[in-house]
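Below you'll find the structures, each written out as structure tokens.
After this come two complexes, each holding chain A, first together with chain B and then together with chain C.
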Partner chain A sequence: MNWIITENNNRINTNDIPTISLDEIKLDFCKLNLRLLAFFGKQEYDNVRLFVVLSDDKNGKLYITSTLFDKNVKEYESFTQCYSQFHNFEREFYEEFKIKPLNHPWLKPLRKNQDKYSFFEMRGDEVHQVAVGPIHAGVIEPGHFRFMCHGEKVYDLEIMLGYQHRGVEDVLLKGSSRFNNRLMESVCGDSVIAYNMAYSQNMETLSDTKIPIRSEIIRRIALEMERIAVHIGDMGAIAGDIAYQMGASIFGVTRTLVINTMLEITGSRFGRGLIDVGGVNFDIDEALSSKIVEMLEGVAKTVDRTTKVMLNSPTVISRLERTGVVSTETAKALGAVGMAARASGVDIDSRFDLNDKWYTSLNLVKPFKATGDVYSRFKLRYKEIKQSMKIVKALLTKLSETKGDIKIEPNLKLSENSFVISVIEGWRGEVVHISLTGANGELLRYKIKDPSFNNWYMLAMAVRNNGISDFPLCNKSFNLSYCGNDL
Partner chain B sequence: MLITLLNIFILLIAPFLMIGVIKKTKAFWAGRKGVSIFQPLWDCIRLMKKTSVYSKTTSWVFRVAPLIGFVSVLFASLFVPLANGEAVINLQFSFIIFAYVLGLGKFFALISALDTGSSFEGMGASREACFSTIVEPAFFIALASISALSQNYTFESFKYILSEAGIYGYLLIALMGVTLFIMLLIEGCRVPVDDPNTHLELTMIHEVMILDNSGIDLGIITWTAAIKMFLFEALIANLLIPLGLPIISTIALFLTIITILSIIVGTVESAIARFRMTHIFEFIFIMSLTALLILALVTYRLYGN
Partner chain C sequence: MLDTLKLKYFQGKQYIPDIKNASMKAQFRGFPVIKSDNLDVTVCPVGALKSSPSSIDLGKCTLCGACKGAGVDFTNSYKLATTQRESLIITKDMTFEDYEKLAIKSRKEIKRVFGKSLKLRQVSAGGCNGCEMELNACSNCNFDMGRYGIDFVASPRHADGIVITGPITKNMAYALEDCYNSTPDPKIVILTGACAISGGVFQNSVELNREFLDKYPIDLYIPGCPVHPLTFINGVLDFITK
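For the complex of A and B:
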């Protein structure tokens, strides 16, 4: 066996992970035709072990294997030249371990040494460069964008990130684990629940902690509420970018209703402090539950009406349609994930694909759209909001049928020599957390992959051949995370 | 004397209130309370108290451009009949002077934007210049036709259209109104052509050209832009005010029409999204079309039968 096959939130022994050669991995990747989920290294004494995780989205399985780089080996033939999915992963691997992927077409700094970054340049009479950032006009995170334009038309966009690199993965390995839940909530501030949930599930699997059913349901309710709130906010932001005032203001108000309800549940509008390893800190009682349902019904009405008015407006449609198109082929080739991938017709959603029983038991159809333009990302958000509302209501009913604790004291001792993958579908896409423990149950490596890590390149592709004045709109329609990418 | 003072007051202060009314209208449609209609005035006064900061790459052009723009707009306003229905200077073919004096101000705004060496401002300048090029011929066709009809080559010719009784008069007013309204949206940098509220440098037209201006310079520029927009509203008002009214009624009617126009601009901004940059040209061509229709109507009126 070249690969060990496992599932989401499943503990496996590190010694069971096969060690095969790079050529075999390459051959198998071609043969298996699966999606790359993670590709990261780990220092083992003087050598470096490279882990490759693939996701079989149809059957809900994860394939894991590894290869060992001897300390003398400082280069290898890159995967990216054949499969563009590896592009960012290989850059990351090179940056961390200085093992060079040969013939990598785009081997540039990812998070560190940004002053050595060399931009792609076009030359010609009427070609001009536009440099945007790292400080932007709005109150957003830092990132540098370099456009190669011919008049108003964009030929190429290059995105340089890394300004937010904080060394999150390393911080996790040091110090007490008591504060890690709070730390996880700040990795990517718009996906508080998704990050914290992925971390907590990972730790619970590592320590064999079985959390109460009630807390499992409450976590998912919070996750869907987060999705609803951010999606509504994004729809408002898209309306704002095209100067459609009505949409911007109404969606803005509606989002507040959702996050204020989150405030009532957890004491924080973004759900900070809700989840801990071992369960959740706040219960949802009957009164609160009916309040949530009532809020959702009101929000649903407003969102329905506003979306309808907006999408019936010709000036809006003319801005959204055929702007920033990413074809299904491109999205697949880039390994795009999450909401943006589904808007381009790639039918993946880890909530359902990886068999989360709380979702699969609801008999829902994954919504997706195939046109891949801003319109489809807008419309898909609307569909996902509606679906998430259904899910929250169904989960609240299930919650009322259960009784008991919401939290148990977690087992602090982690299993030894273990490898756990936790995948959570946040509103932006899959948040992947992988942990590896050593012989005494100590955490040796913690790897985080944000959906933005896959999708930033998708934005660069979407902007090609569009007007430069449409870039902010495309950008907002993806709404990718800078800090999630930079970690 | 009193009337002259009132006119000066209206010219210098009313533009801020006009912007204030537009903002209030937008706030109303968005379900917000909105800021006071005097806020644009307070904002400008606040800017006037500050000193300007200049980048090292800019030259004297950047420093004089705001003043030249301001003076050019004031000079152009001499040819437009304001509240009392009379222009200060009644020179034949004054609409040509009007257009090119404004053009001078715009030219300096453009080269001052280029002077900063910023790629954003360069893009803004190129967009602004491009739109002006298409607006210009339409403006002249429309104005020349109207003037030919009344044999009066000033803006006062507007008033004669209303007395040109019957369907022609009303048709001409409607067409001229549309032409000037589109021009108002373009020159005033309003939605759907430009978005005065956006923070996105890449989509801006007018706002991006003044990104490097600050303090008193910025105050003068906002003042200039407001007065310029006000002049176009005044032109539309002139279409609708008949000759021979008592002076008080003329002033009241003038101010009412300005207010209504501002509310219309605010409502348009609230109701539709901004056009895609490439579609703005199609929008401006509507103006060329109405101008040509005016020409056809006038030609028929003068030489038909």
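For the complex of A and C:
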């Protein structure tokens, strides 16, 4: 077998992972026709081992294999020249291990040495460049955007990130032997729950810790509340970007209700401090539970009303429809994930695809909207809010039927020679955490992949042939993460 | 049109009338009170705790509550901003009133120049988007910071000061300094969040470059992880009006 087949949150022995040649991987990738989930290297003495993980979304399986680069091998034929999905992954691999993918169409810095890079330039009469960032006009994270325009029309957008690079993976490995949930909450501050959950599930699988049922439910309630809060906030931001001030104001204050309820549960508006390896730190009792339901009902009413009034306005529709279109083919070719991919008609949602029993048992239909423009991303957010509300209510009912602890003392010793993948569907898309341990159970490599890592290029495709003034609108409809990409 | 008006009416008034005395939910983890002489310093993920004599450094603290069982209690007091780095260190049995007395020591000129209008340029230097979201929330309809003349502006050329979030990465060090130099004098510098003040959870990262903080004077420290909008607004208000 060229691949070892496993599932989400399943421990496998690193020695069971096959080592095959790059050509075999390429051939299999073509034959299997699966989606690339992770592609990363790990130092093994002088050599470098490259791990490739594919996701079989239809059957909920993960395929893993590896290949070994001898210390003298410093180049290989790139995957990207055939499959665009590998684009960023190969740039990352090159930056970390200096093994060059030959014939990579656009090998440029990902997180380091931005200042040494000269941007792609278009030439011709009346062609001009617009440079934005790293510091933007609004209160947002840093990144550099270089537009190639002809008049107001954008021909090409090049995105340069890496300004947020804090070396998260290294900080985690160098840290103390204790579990570091607080660091995970600060990797990407708008997906606190998703990141912390992925990390905790990963560590629990590695340490054979079985957490109480109540904590499983509470974690998912928090995850869905995070989704509701961010989607409402982003709908407000989209309204703000087309100068529909009332939408911006109302969605803004409605989001406050959700995150203030989060504060009542966890003591933090974003749910920081809720999840630790071994369970959760705060329980939801009957009184709090009915408070959450009451809040959700109020929020649902406001969101329904505002969305309806907003989408009945022709000026709003004319700005949202057919703006920033990403076709299904493009989204698939780029390996797009999450909410943005679903809005472009790619049917993936790891909550259901990878068989999280808490979700699959609810018999829900995955909402998706398939025109790929700003309107569909706006509408999909609305649908996901409604669905998440249903999920939270169903989970609260389940919670009231269970009793017991919310946290147990985790096993501090991690299993030896293990490889664990944890995937959590955050509001933006799949958050992937992969860990590898050594012969004594020490953590040797920790790899994080944010959904934005796949999706940033989607934004560049979305603004092509649009007016430059529509860029903020396109950007907000995706709301991708800079820090999740930069780590 | 009628629907729009109805929607507006339905919303009512959402703003917090009195920001300075706004009530905070009891569950909020704010000002910590130390009850014990011997703290178990190993429970703290960021090294904010010190034992014998016990102290907590709010500049490092992420208010995560890990030390709750180990001799520390969290109150819901949210006015945590200080003008001196040393004032962020909380010792045993220190009450919130003791802390508040020493926290903000502003100068006459600050009140005279910025008291009625302060325009700020925010720089995210490696921030996780947590503080950024909370700073954006400061301007929403609930908190409405603009009513005090405090606003975030698009260019450092229009600003009276800069607000730094994040631990200051190597890749942002240049842009941050550029932004500071582009801001006209007189100007102030505000550090927002545990990351900006001390590096927070990233303090051991080799990818940081915090030289900026040694080069230029810091006027205000606003702790939190992330900073609550009420903490930010009250901190800045106290600084420019006291």
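By our rule, the second predicted complex is superposed on the first by the 484 of 487 C-alpha atoms of A that agree within 3 Å, B and C clash if a C-alpha of one lies under 4 Å from a C-alpha of the other, contacts with A are read in each partner's own complex, and residues count from 1 in each chain.
Quick note on the criterion: contacts are C-beta pairs under 8 Å (C-beta built on N, C-alpha and C of every residue); 3 or more make two chains touch, one makes a residue touch a chain.
Model, not experiment: these values are computed from the prediction.
With the two structures aligned on chain A, chain B fits next to chain C without clashing. The wider contact with chain A, measured as residues touched, comes from C rather than the other of chain B and chain C. Look at A:Gly138: by the touch rule set out above, it reaches both chain B and chain C.
Look at A:Met246: by the touch rule set out above, it reaches both chain B and chain C. With both structures placed on the common chain, the touch criterion links A:Ala460 to neither chain B nor chain C.
Looking at the shared chain after the overlay, A:Arg305 reaches chain C, while chain B stays out of its contact range.
Between the C-alpha centres of chain B and chain C, as viewed from that of chain A after superposition on chain A, lies an angle of 60 degrees, to the nearest 10. With both structures placed on the common chain, the touch criterion links A:Asn260 to chain C but leaves chain B unconnected.
Touch criterion met: A:Ser318 reaches chain B, while chain C stays clear of it.
After the two structures are overlaid on chain A, the closest C-alpha atoms of chain B and chain C sit 5 Å apart.
In the superposition on chain A, the residues of chain A contacted by chain B and by chain C overlap at 137-138, 246, 249-250, 253.
For chain A in complex with chain C, the residues that touch the partner chain are 111-112, 114-115, 134-135, 137-142, 162-168, 170-171, 174-175, 178, 180-183, 186-190, 192, 233, 246, 249-250, 252-253, 256, 260, 263-270, 272-273, 281, 302, 305-306, 308-309, 312, 481-483.
Here chain C touches chain A in the complex through residues 3-4, 7-8, 10-11, 14, 25, 27-29, 42, 45-46, 62-66, 74, 121-137, 140-142, 152, 154-155, 166-167, 169-172, 174-175, 179, 195, 200-202, 204-208, 225-226, 228, going by the rule given at the top. Across the interface of their complex, chain B is touched by residues 128-132, 137-138, 151-152, 239, 241-246, 248-250, 253, 313, 315-316, 318-319, 323, 467-473 of chain A. The residues of chain B lying in touch with chain A in their complex are 26, 29-32, 119-120, 122-123, 126, 191-192, 195, 197-203, 269-279.
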